[in-house]
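The data blocks that follow each hold one structure.
Same chain, two partners: chain A is paired with chain B first, then with chain C.
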Partner chain A sequence: MRDNTLKYLLVLPAIVVVFATAIWPLIESLRLSFTVGRLSRPGSLEQYLGFENYIWAFLYEPAFWNSVWVTTVYTVLTVGLTTVLALGLALLLAPGGRFRSGVQTLLILPFAMSPALIGVSFRFMFNPEFGLFDAVFGVLIPPLADVSWLVDPVLAFAVCVMADVWGWIPFLTLVLIGGLASVPQDTIEAAQVDGASGWRVFRDVTLPQLAPVLAVVVILKSIFSLKTFDQIFMLTNGGPGTATQTLSHYIYFNGMKYGQIGYAASVAWLMVIPMIFLTYAYAKFVFRKE
Partner chain B sequence: MAEVILKNLTKQWGDFVAVDGQSLEVSDKEFLVLLGPSGCGKTTTMRMIAGLEEPTEGEIWIGDRMVNDDLPKDRDVAMVFQNYGLYPHMTIFDNIAYPLRVRGTPGSEIEPRVRKAAEQVELTQFLERRPKALSGGQRQRVALARAIVRTPKVFLMDEPLSNLDAKLRVTMRAELKHLSRELKVTTVYVTHDQIEAMTLADRVAVMKDGVIQQLGSPDEIYNDPANLFVAGFIGSPAMNLINGSIQGGQFVTTGGTQLVPVGGDDRKEVVLGVRADDIRVSEAGQGNIDVPIYAFENTGEATLLTVQWGRQRVIAKGDRYLRKEQDDMIGIALNPEHLYLFDPNTGSRIRT
Partner chain C sequence: MIGRRRKQVMNAVQLSLILIAILIMLVPIAWIFMAAFKNHIDVFQLKLFFTPTLKNFGTVFEPPFYLGHKLMNSTIVAFVTVVLAIPIATMAAYSFSRFRLTGETTMLVVILATQFVPAVVIILPFFVMFRDIGLLDTRIGLILVNLAIVMPFAIWMIKGFIDGIPLDTEEAAMVDGSSRLQVIRNIVLPMAAPGLLTAGIFCFIIAWNEFLFALILTNKDAVTLPIGLALFKAEEGDLWNLLSAAGIIIMLPMFVLALIIRKYFVQGMTMGAVR
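Up next, the complex of A and B:
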């Protein structure tokens, strides 16, 4: 057998797997997004509508716009809070920071939990009758004793954000600790001797050199926030009402619960647009040339 | 402008003593070199002066102020790092201007001062570039310019030339010396390179295991070493150290060869130190003793002859036109004016 043929034969299994699990579902979902696609109506998966599903989402579905809004606010809040808190923690935990490495190992625990498990745990903790938060707040801040956290739209949303931030901080902290370790100690010490205060050393020297890693962190977290599903599904199931219904949850509901596969596919493809944008930015930062 | 005074300065990490109760006075405008092998505590000493390391014990004075509790930024020192410590995201101009900016120098003053510093290190054409676009020697100049752009009380230089290639190091050494004589600022310079120490220093402090072994002018360090360590560390090739004893005023090698009159009382164990330059090389039969050549090296400017002398090898410097082969016999004679005797157990110098 020629080397050339062998070379292609060796990568063939990988190509087949990628095609079957990624490329084909993508193409198929794109096709479905142009069909009537109702699970309850046989044959409707081949009934083409053109762009009607997309138009429907844009013009006649307030629930779609609601989930776009929820997803946007959710993403901005979780990305912002997680990044800032993780950066703070990383500065404390980095070599030369104030805390030592024993704490780092403990911190990874939340990340080791599955998002669905985090969702369930937080639902229990915020239970108004026997939840941990209820008990703690009841003692510390009596007016908050009997607040039904997951019943109020704003509070339920806040709990979702909190659970997500809690779950993601460790991983991003670890990434940022790695980033901080690659900032040359020399430059920081040079700035100290040059006369910079602690804050100016951070602003003028540490932060600019950390910027590429920070960008990767923000982009990655944005991607994960945009597609959040399991945690919300377990924690609030999109409720109360649609107060915490993210796009993924909206797609799931329309596709799996209402059986409108064609419509769900079209909304899913609308979500692909910002994803492609972010993935491109991510690739650009990660594979950037020196 | 200020003197630097260290009083009983100690730095410990756990059980490890990096600097052991050192006292040192660097006079105003003096260029003092801390010289020693790696791990001898010289860099730690400098970092404590800069405030990057906290002393375990002792006091550091800069001028008439004890600075132990001052942050690096408040000590008014400038430091040149071994890896330069340039800010990679700033242009050369901004790198040099940084110490001025963070200290609140008025904007109109910054530009002329940066230009002047850049001129002093011959960097003016690179001001808009980033450090990455510069060669090692140029980066070194940027680090220097950043240090001299303001007039600090003290310059601290941590092996600033060690990352340069050999040829550039010689050029930069001369430039550094020129600059330091021009600026006349108290300087503490750390190096493990004895040539740098000899050429740059007003005074050299030779360190080992956190303790200063000898403090003196380059001449004193070279010609009057205080102990075995300093004798072996200073000079290239290193000083020959020959084991033997003193019997009736004569130095006798361990192998039993009577070699050279040194005077003094009889001693069972003694180390004789002699520099390669102080061994006269002649034809066989014309020196104190005839020995075979173990290796003959021609460096161009001189010849180095390693001779096998019983169980020891001794290196002698010969005339640049001398030509010999391995295993040839030659005669050598030690210059009795420049011999040093040491106690092999304590390492201290025996003066007769």
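Up next, the complex of A and C:
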């Protein structure tokens, strides 16, 4: 067979799979978002409404805006905290040696844990009666001794953020260690010889060279933070009330619990829009290397 | 002298910070491990010392929990997903790596982008379709949608491995009269085998931990392990010792797999944006 035919035949099955499992559902979701789309009413999946679902979300659904707000704050906090803490840990571990390399190996463990399980374990750790973190926080910060973390809206949100940060620091640390390894050592040494302090070397030499990797980390983490569902579902199930209801959770609830597939699809598509920008930004970094 | 003293202090500070970090990272995992070996009563106290028991690991497999059934579902779903995804991804990855295709960049970007689409968007139409054709609560249905999350990783990861295989042996074999398919079978596949295994393990972990699809598509027959966690809620609250035992059954195999492929974890997750 000629290579010219073969090369397209080889990619064909993959393209078919990607089309069937990702592109088709995206387009079908878009179509559903313009319909009445109630699971309980046969035929309503073909009953077109125009933009009514979108208008409904924007004008009449405080719960939608609540989930937008929750997701935004959640994303900003988790991306910021995870990145800063992971950078700190990466700087501590980058020098290598047997001890530090051993720690790097251990770091892979939390990342192999399923997010659902992370949610469960944090619910465990913050149990008011026998949760270990609950007890530790109570000792370190006395005003927090008698609180029920998952019952208070603000504290429940804080626990969700902590669980997320806990789950992602190890992976981002490993990425940043990789990034630090590619910063040329001689520029750092040159700066040190010139008498620059540790902080100056970091700010003026290391950080600028690390910028592309940091950008990748921030974009990737933002994407995953925006999508967050599993931990929230297992940890608080959006509660108390709707205090920790992220967009994914809001869509799940409207689509699956209330059977409003059309409405859920419209909110889901609103969520796709920021993803397109983030993916575009990410793709630029991926192809920059080639 | 002062410089040296300062360096020692700095080193000590760094080491203690690292130790604190490990502690925070490992304590929740260790806590689950301990709870899994505790009796129901011991869980309710912050005890470090207790009489360990293996009873929980038996109880979770008994009625009404039947964790064995979920374990079976998870294993079959993750395994078949990988077995389907890796050959398809390898063919595509080889082509992307070795040839110039019209629209190649577009295809690669679209494949990359599908990885970032929220799962909740993808699942709505699948739920409606599976309801109509009777694929709800089946392993087949779950495998089909799992391909959506696994494929982009697999293609990008394997492409990275094939990019790293030098062209000369392939070219030499072509000059000697081998066909392209023979070259792929006899030269590329053996050389890429460790990479394929790595990608396979990576995808297995992702499929094994998958939550949202299984939550929405299954309710009884095809329930997987992560969804099974929700079973351990009783009227008096969560059954933490059983929940922990189930948690260990879910995470321990993944820990082993993750340690095997740890060198490639970063590359896989970032689709090669960071090498």
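We take it that the second predicted complex is superposed on the first by the 265 of 290 C-alpha atoms of A that agree within 3 Å, B and C clash if a C-alpha of one lies under 4 Å from a C-alpha of the other, contacts with A are read in each partner's own complex, and residues count from 1 in each chain.
Convention: a contact is a pair of C-beta atoms (placed from the backbone, for glycine too) under 8 Å apart; a residue touches a chain by one contact, two chains touch by 3 or more.
Everything numeric here is computed off the predicted structure, so don't read it as measured data.
J.: Applying the document's definition of touching, compare chain B and chain C: which contacts more of chain A?
T.: Higher number of touched chain A residues: C.
J.: Return first, second, both or neither, reflecting whether A:P208 touches chain B, chain C, both chains, or no partner chain.
T.: Only chain B is touched by A:P208; chain C is not.
J.: Going by the contact rule set out at the top, does A:G178 touch chain B (first), chain C (second), both, or neither?
T.: second
J.: If we overlay the two complexes on their shared chain A, which of chain B and chain C does A:D186 touch? Say first, second, both or neither.
T.: First partner only.
J.: Once the structures are superposed on A, label A:G195 by its partner contacts, choosing first (chain B), second (chain C), both or neither.
T.: After superposing on A, A:G195 lies in contact with chain B but is clear of chain C.
J.: Should A:G241 be classified as contacting the first partner (chain B), the second (chain C), both, or neither?
T.: So A:G241 meets neither chain B nor chain C here.
J.: Jot down the residues of chain A that show up as touching in both complexes, chain B in one and chain C in the other.
T.: none
J.: Which chain C residues qualify as touching chain A in the complex?
T.: 14-15, 17-18, 21-22, 24-29, 31-32, 35, 43-46, 85, 88-89, 91-92, 94-96, 98-99, 101, 105, 107-114, 116-128, 131, 144-145, 147-148, 151-152, 155, 179-181, 205, 208-209, 211-212, 215-216, 226, 229-230, 238, 240, 243-244, 247, 250-251, 254-255, 257-259, 262, 265-266, 269-275
J.: Quick one: in the complex, what on chain A touches chain B?
T.: Its residues touching chain B are 184, 186-187, 189-197, 200, 204-205, 208-209, 211.
J.: Mind listing the chain B positions that touch chain A in their complex?
T.: Listed in rising order, the residues are 50-52, 71-73, 75, 77-79, 81-89, 98-99, 102-103, 146, 156.
J.: Across the complex, what residues on chain A touch chain C?
T.: 1, 3, 6-8, 10-11, 13-15, 17-18, 21-26, 28-29, 32, 39, 45, 88-89, 92-93, 99-100, 103, 105-118, 120-125, 127, 129-130, 132-133, 135, 166, 169-171, 174-175, 178-179, 213, 216, 220, 223, 226-227, 229-230, 233-234, 248, 251-252, 255-256, 261, 264-265, 268-269, 271-272, 275-276, 278-279, 282-283, 285-287, 289
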